[in-house]
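Here subunit A shows up in two complexes: once beside subunit B, once beside subunit C.
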Partner chain A sequence: MDRLRIERTKYTLEIDLDPVSGKLQLTGESYPENARAFFAPVFSWLDQYLKTNPENVNAELSLDYLNTSSTKCLLDFLEVLEKFRSGGGTVNVTWFYSKDDEDTLTMGQDIAEDTELPIQFVER
Partner chain B sequence: METRTESPEREELFSKEMEILEKAKSSLKAAEQASQESLSDFGTVIRQYEKLLKQATKLTRLGDGYQRKMLLAYEEIERQKLVLQENERQLEIRNRFIRETFGRYLSDDVVTGLLEAPEGLALGGEKRTVTIMMTDLRGFSALADGLDPAEVVTLLNGYLEVMTGIIQKWAGTIDEFIGDAILGLFGAPLLRPDDHVRAAACALEMQLAIPGVNAMNKEKGLPAIEMGIGLHTGEVVVGNIGSKLRAKYGVVGRAVNFASRVESYTVGGQVLISRELREALGPLAIIGSEMQVHPKGMQPVTIYDLVGLSGDNGIRLEQKNVSREKMKTELPATFIVVEGKDARGDEHHATFVAVSEELLEAEVNSDIPLKPLSNLRFRLQAAPSTDVYAKVLAGEAGHGTFIIRFTSLPETAKNIIAAAR
Partner chain C sequence: MDRTSLYAHYQTMGQDGIVFMFKGSMSQALLVKFGDMIREDLFTTSKKMSEIRAVFSVFIELAQNINRYSAERVEAGGESETGSGIIVVSESEGRYTVASGNKIENSRLSYIVPRLEMMKGLSSEALRKLYREQIKATAPPEGSVGAGLGLFDIAKKSGGGLNYLVHPINEEFSFIELFVEIRKENSSLSQAISSQDVIKGIERGQTKD
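Up next is the complex of A and B:
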């Protein structure tokens, strides 16, 4: 299975999904014109990847800004991982935030409240 | 760190949905008669709806959070914009100060250089080596006496306009105009490695521009002028000099006075330079002659007649072949040696025996020996109230006969000499 890499742009995230290491990185800011279209290859890749029943999935999220559509896509992304975890898979999520960016930390904590996924908060 | 709690406002936002959900739940309880299968389907729909509502609530909360973050970022940008505007205002004030202080006297590129690299500007006062240019119009005071005030101003402005352009072209600084004299600087406020070369090239070009100025004067019915330029490289103090009410960027030091001394030895059309500048120019300098002078209160020094520059700034003065012809009628006169501005020395007798075609130079017999570059004031016997000023030319003076270069030859005297040729 190929690694999926999407370069960061002014309006979209940098995506780096590595099937070998199991590291799924989402970095940057996201306010694309069509969030669903942007995330479509990500969901498609994730669907294929989880079918391979990977041993360890580590999601590393370093998100500075998401518009509402992108937030919806992120929640869906986490829901897919949550389902995989409830089926017996191992998933870890790391939520990175800047020291002076309390809002990003608060939003990560908000997400963590309603998910079974273990989320670790790490200062960048 | 603050912990988030569900706000009543947000609950209210989805109250309609919650009401529907509660209604569905109570309907489910009431539907005792319904089949088990239908009840199960109904329960699934409620759970899915519950989940959707939960996600919609979270999405709204997160969306609000990001919007708040965006707003804070926007506020920060606005704050930075204000800081930037203030910085720009301060910069504009500083730039305006520099332009107002130097704009009249400096070329645009020098002012731009100052604005871009203000560290080159030391307003507080600083010792540095500069090349000083002192120019003067030969015999201008006497010339001005024969003109009305408007003509004097027209003549001066026309001349200074042309010279200013040339000095700015060579990135020099006009420190001040002193009547018909110009005090120019190369090396202040901006110091450049080729200051001395540009100063020399500038002086030569200024001399070359004089025929053009004279052609302009002739068109306006004004007399021709001649300029002498003295250049010296030396250490001076540069800075803003004056009082709080009136200060001006300028230079002070012995080197300034010495440049003025060097200039005082010039005749019209000449650029004289000091030994220091001669050495700085090295092989670039084309020297016509050198002469020993003994300025008052100083040791004798050698100064050089710069006639050209070689190299990239190659420029050369036109050589004038001045031939003097014997006069048909020799003209008796008296003269005194002028020391500085003092014209009260002993009176001697002299006779004009030969004169050049354009009345630039003359050969005079005298009863005393005269040092080269001595300044003389003559009075022709035929016009005893008219002062004629001249300088003894270097290397050509001797006992008995000497060559003079007129520095001021009023019309009355000129007519008498021309008639005697």
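Up next is the complex of A and C:
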């Protein structure tokens, strides 16, 4: 299975999904016109990848501003991982935040409250 | 427009503390550029990243709102279309205001207004809770997150400072204005003043004397 890499733009995330190490990285800001379209290849990659029953999945999220539709896509992304976890898989999430960005930290904390996924908060 | 009215515009914009104003077709490429401009501009006057983030994010939501939902559509080449409207960022002593206006179908208005009314007078905490419930509940249609969800986000970010006005045009259309206030940190009572700042203030006061 191929690694999926999408370069970062001013308003779309850097995506780096590595099936060998199990590291799934989402980095940057996201406010495209159509977030669903941007995330579509990410979701199809993730579906394929989780079917291979990976041993260790580590999502590393280092996010800044996300518009509402991108936030919704992120929640869906985590929901897919949560389903995999509840089915017996091992998933760890690391949520990177900057000290002066309360919004991103709060968003992560809200998500952590609503999910069974283990989320570790790390100041970057 | 004649020359005297341009001067009048200039003066009014100054009096209203307008830092950014645009009327026209709000394409994604333009709003990205405007967002950058606003961020850079605010950074020269305010070093409070949280304020700049709040103004920026409200600007992007409102601009994308115009792009998606304005009833005034402009062909943008190929099959794509852009919505037209007006968007203004202004600054006064205690707050920033981001305001947007666009033409809207009355049928859509009847969907949005009850939501805006519902959010009126809610506390920041209640708005945050509401947003979380809404975003979980929304199953987005293709290409959109579902109407109205952006408004919950805006209301949450402004901590309740979301107001609106509707100007009826005819049976089919109205013009909707949204006003979002973002309080500046130093004017917020909940914001504790650090002892460092107090000491600096005292020192400054003393040297003046």
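Side notes on the structure shown:
Everything below uses one rule, namely that the second predicted complex is superposed on the first by the 124 of 124 C-alpha atoms of A that agree within 3 Å, B and C clash if a C-alpha of one lies under 4 Å from a C-alpha of the other, contacts with A are read in each partner's own complex, and residues count from 1 in each chain.
By our rule, a contact is a pair of C-beta atoms (placed from the backbone, for glycine too) under 8 Å apart; a residue touches a chain by one contact, two chains touch by 3 or more.
From a predicted model like this one, the values you see are computed outputs, not experimental measurements.
For the composite obtained by overlaying on subunit A, subunit B and subunit C cannot both be accommodated without a clash.
Within the superposed three-chain model, A:123 lies out of touch with both subunit B and subunit C [touch as defined at top]. Contacts of A:100 after superposition: subunit C is touched, whereas subunit B is not reached. Of the two partner chains placed by the overlay, subunit B and subunit C both lie in contact with A:65. When the shared chain is aligned, subunit C comes close enough to touch A:37, but subunit B does not. By the document's definition of touching, neither partner reaches A:7: not subunit B, not subunit C.
Touch criterion met: A:109 reaches subunit B, while subunit C stays clear of it. Contacts of A:55 after superposition: neither subunit B nor subunit C is touched. The single stretch of subunit B with clashing C-alpha atoms against subunit C, selected from 22-30, 58-66 or 166-174, is 58-66. Across the superposed pair, subunit B and subunit C both touch subunit A at residues 65, 67-68, 71-72, 75, 101-103, 110, 114. Of all residues in subunit A, those touching subunit C in their complex are 10-11, 31-37, 65, 67-69, 71-72, 75, 100-103, 110, 114. Within the complex, the subunit C residues that touch subunit A are 28, 32, 35-36, 49-50, 53-54, 56-57, 60-61, 64, 67, 128, 132, 135-136, 138, 140, 142-145, 149-150, 152-153, 157. Note for the complex: subunit A touches subunit B at residues 65-68, 71-72, 75, 101-107, 109-111, 114. The touching residues of subunit B, counted against subunit A in their complex, run 1-4, 54-55, 58-59, 61-63, 65-66, 68-70, 72.
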